[in-house]
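Both of the next two complexes hold subunit A, though its partner changes from subunit B to subunit C.
Right after this comes the complex of A and B.
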């Protein structure tokens, strides 16, 4: 009997696996015998695994990249059904890179970027079920929720623009999520709600706290970064959770999205015990459609995972100013991710052309120049796909030893800060200061403020002043808040005069909430998300018209158009605002006391309404009354009234 | 009360056919003190407007509520200028007519300041009418009352100064001054209510219905004033309050038609001004569902801040019904005294409404001199006045301790609002008691004797 019971699932499994082989194609055959062997050894567990494989066939596919030359047969078939190429080109591509920038404050800025490109189409109803490099969980999210662009970031700490310069990828403290939906989505709010809950599960973060009270639809500040020119902001949702705390539980799911996980390539450096022992940590995922080639005939999806971290090595390094990969990450690099088509490390050596500032070892001859944030930067490049990068010890441990502490950083041209003014818990004023450090050019900035409903903004108190004069914004988009439904949204376009500070102030009133609406720690205060300042900033290169050292004279009269300005997004500090609190310990007392007062009012009116005046009869004394009662009990009629 | 039909028949003969005659005489004689009073009131207000205190007063939660705050009206205007509907947010809660009114006169923001004067003049005129009415009534009824009651009835000489006293009570009441300096739109509401009472007492049914409708449109609660207005007008037109009479129902239908008709016109007008019904939930929903828990002198804010969520709707209904609840029993009890009924209703509204301010209290307090003949029956004048005074001074103190100093908490301020409301309830029920007692004495004589001849004490049974 037992044998019979075992046999049935075995046969079922064999049938299943045969059907799988037919679907998956010839590459599967190398895996199949192992599974058969395990079936013979232990039919019970084999049946379970068979169920698993049948259920989530993607699971098998995801692990297939371990064998290097696996191809996505099914995807191929769909794209080119008739032609069977002997060696079809993979339609997905993975690149990884690490940029290290020594900061003038003595800190080290390390920025990881992992980019997966996949030429596929998640939309139009065709079910994408074969994933190679692209994480399946995100692919399913894109197709299920008709997402056109998704940008999510988790940040711990605040980026100090004045000390560190502009980051490569700015992000506000806490969690930030903004999504452009396809215009085929009918109920955007419901889709957004569902999407945040799904993302909350994928990234192990409290994104489920995103609801209508902290979601806004910016009209101008967040344009799609990918291709496509639909800019109807009804399909955009933007939300921040400034209180979100980022920790290892968010890093682990983020690392799992990488094709090599944290097993090979640059990702081996991402050890949480070091990453979170830093001044600033930010991890992000950006998904957008991009052009496959310069003609833009086909589109492909780009998944960009970034991780930015600033290490304070100067303070923790016992006074010695030197750092190495091992010191930062407690790991060294031994190989590139085998799936990556490119794997590089860039070290910013712009300020160190002759090696007078620091010494870099091992030295590399490979140099690269790039325009980053309006500045021409020089980088030393280490290509991890070349074996000779690792040298004889088969491991790469980059080391920088500082020689001098001098050197000044170019001041960032755009910088902003924000604070709450006023005292007491009744009213207050939000001040946003925007600095334009450009010596002679003015430029416009878009300021976006999303303020929760419990700080009631008074838009008529909005003032914008620069250099002591009123600076009227040329565009204002204001959406007032609805209590417990949606936040305030204030967007405006302000022209910042050269070399000036522009101050934006707006008054608000603090609301008293219901006692259940306060956070568990109400006297800590409530966070207000960062303001977002988006701008096209004139480039420092274009500013530098006198420098004829590098360029011939004939090329330097008109500033080059592409380089004349660059896009910058600056996030201000989040605000921490105290609200008046009720006493949480006495809801019962309050209910009782207030009801008593209402009852006093009701009672006294009721008394006067129902009774009439009468002459008071002399009441019998206490002894007489008792005597009457006793008499009644004994059966005598009460005579004495 | 026994004498209704007789009173009505008698009254018909002697009712003042031309009330303005007495008014003119009064205005001539009282011109000097009244002018002096007006000048004094204007000076105080102007001085406060110009001082730095005005800004402080405008922020006080006791003086302005989320509905009446001038700051919010300005915000509504700013939103209108930005091309955003003022009702799309939760800051502006005034009615559409107000915002369009202020849209044109915003430069003369001190209009509220004028309104105070207007209200006072209305009140003065009103009490003048009352005084004439009483004088007539006195002449009529003097022979019907027991002899020893004569001292209960005010002689025309005593009543002579009542209009001036009313004007003084309203104009120099610190509560009125505060809400005027804060530019609270409460002054506007008070003016509308005063005009309503005035036109009612003048006997103009149509104007009374229109002003009542305006008052209702501004804040739902004056709806309850419908009953006294109809009672008074019926008394004026000698229509007996009798459910079996067709004339009674005909009058009620007429009045309600005028009232509901003008309400319909107002609501449609607001709809066409804005082009949407957004204002309905934003104005009336806001008054009824109390979403804004900003502290004020009322009973709602802390109660609903501390309420358990699943009981919220229940208590909301209980508290709102409570305001309207007293209308019918009070109208039954006071059906012959509609003016006192108006006073009672105003007091009940200002105590139990969802966002009360001191301006609402000032409105019913202006009536107090009219009832000066009740003073001898008031039981706890001293206590009530002490509590009201103490609370009024403690409000800013405890607010400062809670909000600015941080050394007290919300319970302190809440305790004072409780006490303040208890004092108001005592005041109102005391006046009600005194009124009923006086009526009793007018019927049965002032010095009541027991059967055995000893002096009797009156009790409520």
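Right after this comes the complex of A and C.
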């Protein structure tokens, strides 16, 4: 009996421990895969981007997933025959180029252009779902908002035409957006509003501030730069935000639109710390339909991303007239973008035919000529798709060393300035000056001015004078502003006489805004966007009108219809105008003052009405008075007589 | 016999505990969230408030480093310091003197900047009541399993935070916004950090569950700035966020540091002000909450052993160019400045328009077109 009794607890103990071990064992097997899953996540995301790693991820999976080994091998066998099928011919093409132009002031101008051409049709209900080189975010924007052309630019700094010449791609300070919509759009204004919101998310800019108070519909300027037959200006919208800041947060999404990103090709040079430490920085995106071939029966979509930067001699150059890729961008080039069909660097050596002005190294034998900005320019070309461009060190660092500082720059034929004249905070006058430096030819210019509604223009004071005499414009389009709804729009076609200055003046009056309409820093002032001057300037050499011949990108931006002139767009400075600003601390001051006055006035009145008078004994002697004071100090009420 | 049974039961209990303690510890530390969001706001404008932008960017940097992607971060900076013309090193924002650490980086995406950072926009982002055309990067698309980190910095007072020197948000508004978020199930747990003067007053009024709050100073105290940089000329960081950044630099995605360590950041000896925290509305014990539950994005995955059959790859539908179609119109580029067309286009418009003030044309003779001067200002154009 006793032996049986002492066996029983032992059996109980063994049974309990056994059952516990079984439970613990099953739980361990569920804990272990959880830890392995987070490691598995990483190789799986890598497998999505490249087909080559499919085999590797299968291997990783095999190590982790013992149970599904057979199934993985079967899946791999299924994947292989798909890869062997012939891939369809890609219909998109990517080119990149960099143009470097040493300027006579010692600064250096670098212009990047990245172009993607894609033969597809976004319109007419086509649903495009497979994107290769063309960025998907922009493709969806084009199809959703029925955009025919889109031009957006972000600029920091002002282009100094007289010191630097004409830029390859002009842009005004701040942000500028102009869009041509397809004629299938019924409500252009609503589509425009949605488009600006979407673009503000894509480019991390406050483009949502574009509304009816700064949007205009030009009637003659900003004709489409792409192909098309319809030019009904109802489908055009133009807006600028002169206050918009450009910084790394705008460059980051811009770089993400490139096929190679900022990892290969010319885009590795785009480092924000150097790009924003410059006199002028402008990045832009241009989308338009272009001709595919000389017959021009089919259209392709062209996306151009451009970045223009001017490095200052004293800021970035440390005063020495010697520039290299490393000094400008703190990087050198090691390879071209593998997805690019052409990747080239052009150095403008037109002013340096014998090498007497500056010296270029490493030397290159490739030369190219192009008709750009009305002049025939010669360029040294470096082709990055050729391996021997990089030399034995396998990196390309161009060096431009100046030898002499002689030589004058060719004066640009068209140049414009704008300023505000007057004094005080009530009235003023806007002066726009347009210079024609051609010795004997006159040419027409189209001036577009968009002035915010709070500067009330007096159009009856508009005068246009050249060489002291009245110059009547052959076309004026003026749309008056409406308070808080739309701005002024003034467009004029003026013929500029040769070798002259044409001055356009108009007087204005400043409006008083409602106190909620002021910005948080109203004493900074309010910006007026740049004027746009579009013109056909006579050229010194015959321009190339054949639009489909292989040309460098920088010379094929503006379409050329005739040989004797080229199209140019010049932007003036934006204006900074002070509006009469109230003192925002006044509500607080008024409340304090009013309350004080009321308190003092009411208090006195109350006292007068309710104070009761008591008869007081005649004043006692001095000793008694001192005693009274001491009594009062000690807190006893009443006085001794 | 009784003692034997008792002893055996006790032994089994110990054994059971020993086997289960690891699992229970794992479950004890797990949180119920599946995704992480961060809303980082700097509310100050002007160059001398450089440190507030540096504060926000240093938290942004830590949060990105620990795994939260840009699509899940709403970054609001009220002014631009990096490309400000007074910045001697453009496109940089430093947090340590002698320009040691550039918190701005090369890969930053700011969602709300400049004048867009207002009280209204901040509350709309929190509650999700944004206009329909707002892009995704500007929205807080959280759900009921999201852990959200909210960081505010700027100038504040007892019960309010100043936005851009022109408006304020009060602690009552903030508490109501969080209650709206709770009612709409927009968060699972929320960590609120504020680095302003008298910051503790901002979390006094909270009343929604699952909120944990930290502040850099108590009511009546000022939060002080850390150190100036003589080259840049302004103070670079605030003390509380400086020491918070140093603490976060030691955290990596697999770190097991918990909230009690975060409460110890910046004691009074370093911060001069007394940092405070509030955990009474939080359901879990702060010691069991990992730092990476809010600052990082550590994903929890459920493994499934089911297999999925992949279909054959979808072939791209080739558009056959119709050979019989030769009637395609020939496209051409548009003339950029068609002078004669422009001059004559107005002729048609002038004749049809009844309101002569909006359009006018000069054909050499002024009398051909009656240009009326605007009688008043802001007169309406053509309908």
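Everything that follows uses one rule, which is that the second predicted complex is superposed on the first by the 469 of 641 C-alpha atoms of A that agree within 3 Å, B and C clash if a C-alpha of one lies under 4 Å from a C-alpha of the other, contacts with A are read in each partner's own complex, and residues count from 1 in each chain.
Please note the rule applied: contacts are C-beta pairs under 8 Å (C-beta built on N, C-alpha and C of every residue); 3 or more make two chains touch, one makes a residue touch a chain.
What you are looking at is a predicted structure, and each value in this text was computed from that prediction instead of being measured.
Chemist: Name the contact category of A:476: first (subunit B only), second (subunit C only), both, or neither.
Modeler: both
Chemist: Kindly classify A:386 by the partners it touches after superposition: subunit B alone (first), subunit C alone (second), both, or neither?
Modeler: In the superposition, A:386 touches no partner, neither subunit B nor subunit C.
Chemist: Which of the two partners, first being subunit B and second being subunit C, lies in contact with A:369: first, second, both, or neither?
Modeler: Neither partner.
Chemist: Name the contact category of A:591: first (subunit B only), second (subunit C only), both, or neither.
Modeler: In the superposed model, A:591 contacts subunit B only, not subunit C.
Chemist: By the touch definition at the top of the document, which applies to A:609: first (subunit B), second (subunit C), both, or neither?
Modeler: In the superposition, A:609 touches subunit B alone.
Chemist: Regarding the shared-chain residue A:463, is it in contact with subunit B (first), subunit C (second), both, or neither?
Modeler: After superposition on chain A, A:463 lies in contact with neither partner.
Chemist: For A:453, is the partner it touches subunit B (first), subunit C (second), both, or none of the two (neither)?
Modeler: both
Chemist: Determine, for the superposed model, which of the two partners subunit B and subunit C contacts more residues of subunit A.
Modeler: Greater contact footprint in residues on subunit A: C.
Chemist: Between subunit B (first) and subunit C (second), which does A:184 come into contact with in this model arrangement: first, second, both, or neither?
Modeler: Neither partner.
Chemist: Once the two structures are fitted together, what part of subunit A is touched by subunit B and by subunit C alike?
Modeler: After superposing on chain A, subunit A residues 453, 456, 459-460, 476, 478-483 contact both subunit B and subunit C.
Chemist: Which positions of subunit A touch subunit C when the two form their complex?
Modeler: 5-6, 9, 12-13, 16-17, 20-21, 23-24, 27, 31, 33-34, 37-38, 41, 67-68, 71, 75, 78-79, 82, 88, 130, 156, 193-194, 197-198, 200-202, 204-206, 208-209, 219-220, 223-229, 231, 243, 245-249, 252-253, 271-273, 275-277, 291, 295-299, 444, 446, 453, 456, 459-460, 472-483, 493, 519-521, 534-536, 547, 558-559, 561, 567, 584
Chemist: Which of the residues in subunit B end up touching subunit A in this complex?
Modeler: Touching subunit A: residues 59, 61, 71, 74-75, 77-79, 82, 84, 88-91, 291-295, 299, 301-309, 315, 319, 322, 326, 329-330, 333, 348, 351-352, 402-404, 409-411, 414, 418, 421-422, 425-426, 429, 432-433, 436-437, 440, 448, 450, 456-461 of subunit B.
Chemist: Under the touch definition given earlier, write down the residues of subunit A that touch subunit B in their complex.
Modeler: 423-427, 453, 456, 458-460, 476, 478-484, 488, 509, 511-516, 580-583, 586-587, 590-591, 593-594, 597-598, 600-602, 604-605, 607-609, 611-616
Chemist: How about subunit C: which of its residues touch subunit A in the complex?
Modeler: Against subunit A, subunit C makes touches at 1, 4-5, 7-8, 11-12, 15-16, 19-20, 22-23, 26, 45-46, 80, 82-83, 89-92, 104-116, 131, 133-138, 164-166, 298-301, 303, 305, 307, 310, 312-313, 316, 318, 328-339, 342-343, 345-346, 357-362, 364, 373-374, 377-381.
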